[in-house]
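See structure below.
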């Protein structure tokens, strides 16, 4: 049975105004805008783990922020369990189905209802915990913000379950400690526990392991993967490291300068990348064995400035196989398989 | 950050502050209880003729803010025939009114004395900055040693010392070796040439010393923390790795970076130094703007008070602007990129 | 909260703090028990003979007598009250106004904060003593007027300090986490921002006490103190002209020394607190490298490290 | 004779209370001219300390308490600070991780290169030095005219290239690179790796690469030294380390590193956490996390010596029998 998508993103645009200096105002130079997202569309099924991969400036974190309602799209919309995320995040939900109790709640209550169901895991374990709070206060805070009518014991049980599910057992060995007494890996587990205590359905993990040592990364990734089974959680995993995405995600969307250039099942995309950018990224990812050295496809130059995006296919200035046609037309998606599509004019000829 | 943007913003801010000070100055003496303006007119020691001149000059018979009848008769130009416009007109002509106690023109009084305060403040300030920066560097270099702690204690001590009391202490300790009051020993005249100026110089020693000793501690403490902070930056390790010795590293890499925050701090504390000058001029009866203001306070001489406050505030604002422009020139990150 | 008392334990151990607190305690006792301690009541009319004016210290007047023939020691003891009241009250006001302005401007930003901060910059540029002189000489003298004027001028520094701190904390990830959890702005300020900023505000407020004490004594010295009250600044104002010519040090020096005593006590406390709150950097790159290579010592026996904070495997 | 030889190097850090914490213990390796060595290990393993000690740039609390650092046979630990200053950057130069502020923000990029050229009297006249600086920038892919700009006008990748240009200015024999690619994007990282490889081939440099990223080491280094808790775990050619690792830590580290060629293959991380300097176990530092030696009496009591189990393959583990 095709799982009903928990998350649907339709033609999502997000632009940030560029601060205008006095001189701009005087010369009345045209208002400039950063094109963080330039039309993103994909959907995520219940319990699926989707990786958003790309270099800095690709917009992968912006997608996460919009999906969580921490930012409001400039154009297009995001449906989370059928509700328009932007309205929900502003507490202005119009009644979707008749007799829908959610839209009758107050603005504050609506926002809280949203926060309960969609949570975030952060990149920097040293920065994402308030150094002045004990582990207990950190993990129980969500329960204080959302009064779910839990008694003290129920709260303690939930905190204990969350901590121990994240591998910090026995819980009472940790909850009186301060963040600076724990290692990076342990701190990241506390962050995840803090997110789980509300029993969310959607988790956005923004580069959760990039600051951790290699030897403890695998545990965190396995923990995230296990959440699908133990708590039926859908995960959006953003990273610049394709190898970690390869390890535990079902599908992967490769992003470049605010667009998804390739999306498909992770193994397929990594084994036979079809978009030149994906091919370059895969070829360049370091392989831990000198015998398996591959020819590296290194793209020269840097990611262009998102304020004035290149014409036609935005990748053409750095693309090794770009032709004149690529400079004019913005490539539509080409289906490789039912689940694997690529936005590149040259894909077919590559077979 | 665009440099042109930075400069425009700073200049606009300075002009806005100047305008605000002028307006504030006008209102201060009219809104507050016991309307001092009426006082000026009816004070016994003012001659009728002087009262008349002030009344007409400052349009005291006209409404303060908006002239009703004037508006009916001559439209817009009439409406603005008010005390405030008269005040502005006089100000542009440099006429700050007549001193209530000495009946001399306030602008004359100020013109005569301004260079004396400027000399005192500039000399005192430059010495304080120069010595403060050097001591600050030494303290940072020898950080953690007894020298560092003694410099810190000296800083705390001068921080706790009111300027006027330190002046009094210097007065007592100097015990007659230096002149303790006034600007020149009576009887000497400027056209006596060098002798006169040497005498003025000797009178200047104690007041300047007071300012220098007190204010150098502030610059010293700030320089010390700025240098220590800069010396822990990565580019200092790079310099060391490049084979530069400690002195070269300090001179070519640390110094300029450490001086940047100093420029902003100097701008910020200028207002404070002017306050110090008033106290020093009072204690050593050095006949500058500060002393003039002190006398005006004692005698309730509002026009002089108004004039001196305006001059002091305007000079500090301009000095601040200069410091901001200097910062823009020093810090490349403010250069147009 | 463990960090709060961690600050207190380290603060208490610092020598500067101990000296400062004891000096302040002396002054507080003097001010509080003034009626008991002072041999005479300074406001009482006293019939004076010419020889009493500026009389040197003797058995009945340990610190001699002032230009009105009154006992200097009694005025000195009563004078502590004015300085401490002005110091603590105006510092509290400037901390309160400065923190709220700084917090609002820092956290909420936008047009309102710009106007607020421009006004703060405006007040900061104006030289503060001349402004105080002008306001008080026009508005009239009085203890409360002095307190108000000092607070209005000194909150600007706190506002700028708090705003820059809030701006940097606001960008940190645990604030984004609080938003993601659904915390309200109010909760984020109270639970996450204030605890970070509070120690700095308190350290600054303590330092403000001493600058307020000095500001009050300066205003009084320049003749703008509250005429109905005895204050050290006023004593110095009266003492200044007459005492110097008559070499009456016993009247001239004690009030000045008392002012320095109080403000030094407070500065020692404030500086010790500042040191605990953001400890000054100790090490940097330009140290003397002579003992970096110390082969002579050779490998010391592996010292059994007492586990300072045992990390759970 | 090897360009760089380190014998039994031990380094301590003094805490404020004067306790000596052992950061590096008995480190030994050698580097021939033109070859590259990867110094690999996780946070807190002492690799940065070793790197800084090679140029005697330890922080104030650092103490080199034992060993030799031979550069072309000359022991750098015996020479004076003044002599060391003439060795720094002329014979051994360095590229720092945080290139972000490793360049002086208030001086132009060009002037910082000219400075080092004149300091070591490679070129005395400023005009020629400025020309040479331009050539160096072009060599690393930066237009020469950008030399007159300031570091804040450069992107992360550009700053790192400028650092490399500066490091090559006095054509040193050894180039040390401390995590040169960590803070950069994947594609820029690849460009920097390619640039370093090209420079090494072109100028016959010996390269010491300090990193936690096994992939980068596999791409660039001839030999690999795996560090753990301040000691050498395993030291051999890159091929041996990646295909015939003997030390339990190296084996588990390789299994914890996701390989893009086989997505979905299972990963096993190492239980526990890297050791902390103030909490080092007396015996083998890896014992608490070791799947083979945990609880073994000999591993608990004694630090394993570094043994050459086969030519060019050194391992420090009691349980690995010498071949």
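Residue numbering begins at 1 within each chain, and the chains themselves are lettered A, B, C and D in the order written.
Note that contacts are C-beta pairs under 8 Å (C-beta built on N, C-alpha and C of every residue); 3 or more make two chains touch, one makes a residue touch a chain.
Please read these numbers as outputs of a predicted model, since none were measured by experiment.
Undergrad: What are the two chains with the top count of C-beta contact pairs?
TA: The chain pair with the largest number of C-beta contacts is B-C.
Undergrad: Closest chain to the overall C-alpha centroid, by per-chain C-alpha centroid: which is it?
TA: If we average C-alpha coordinates per chain, C lands closest to the whole-structure average.
Undergrad: Starting from the mean Cα coordinates of subunit A and subunit D, work out the distance between those two points in Å.
TA: 34
Undergrad: I'd like to verify one number: the distance from the centre of subunit A to the centre of subunit B, where each centre is the average of its C-alpha atoms, in whole angstrom.
TA: The separation of the two C-alpha centroids amounts to 56 Å.
Undergrad: List the centre-to-centre spacing of subunit B and subunit C in whole Å, with centres computed as mean CA coordinates.
TA: Distance between chain centres: 24 Å.
Undergrad: Send over the residues of subunit A in touch with two or more other chains.
TA: Subunit A, residues with two or more chain partners: 183, 186.
Undergrad: Spell out, as numbers or ranges, the residues of subunit C touching 2 or more other chains.
TA: 283, 285, 311
Undergrad: Tell me, which residues of subunit B touch at least two other chains?
TA: 237, 240
Undergrad: Touching subunit C in the complex: which residues of subunit D?
TA: 10, 12, 19-22, 25, 56, 58-67, 77, 81, 271-273, 276, 278-280, 282, 288-289
Undergrad: Quick check on the complex: what are the subunit C residues that touch subunit A?
TA: 1-3, 172-174, 176-184, 187, 191-192, 195-196, 309, 311-312
Undergrad: Within their complex, state which residues of subunit A touch subunit D.
TA: Of all residues in subunit A, those touching subunit D are 55-56, 183-186, 213-219, 221-222, 240-244, 246-247, 266-267, 270-271, 280-282, 284-293, 296, 298-300, 302-303.
Undergrad: Name, in rising order, each residue of subunit B that touches subunit D in their complex.
TA: Checking each residue of subunit B against subunit D gives 233-235, 237-245, 248, 252-253, 256-257, 260, 330-333, 335, 337.
Undergrad: What does subunit A use to touch subunit B in their complex?
TA: Of all residues in subunit A, those touching subunit B are 21-23.
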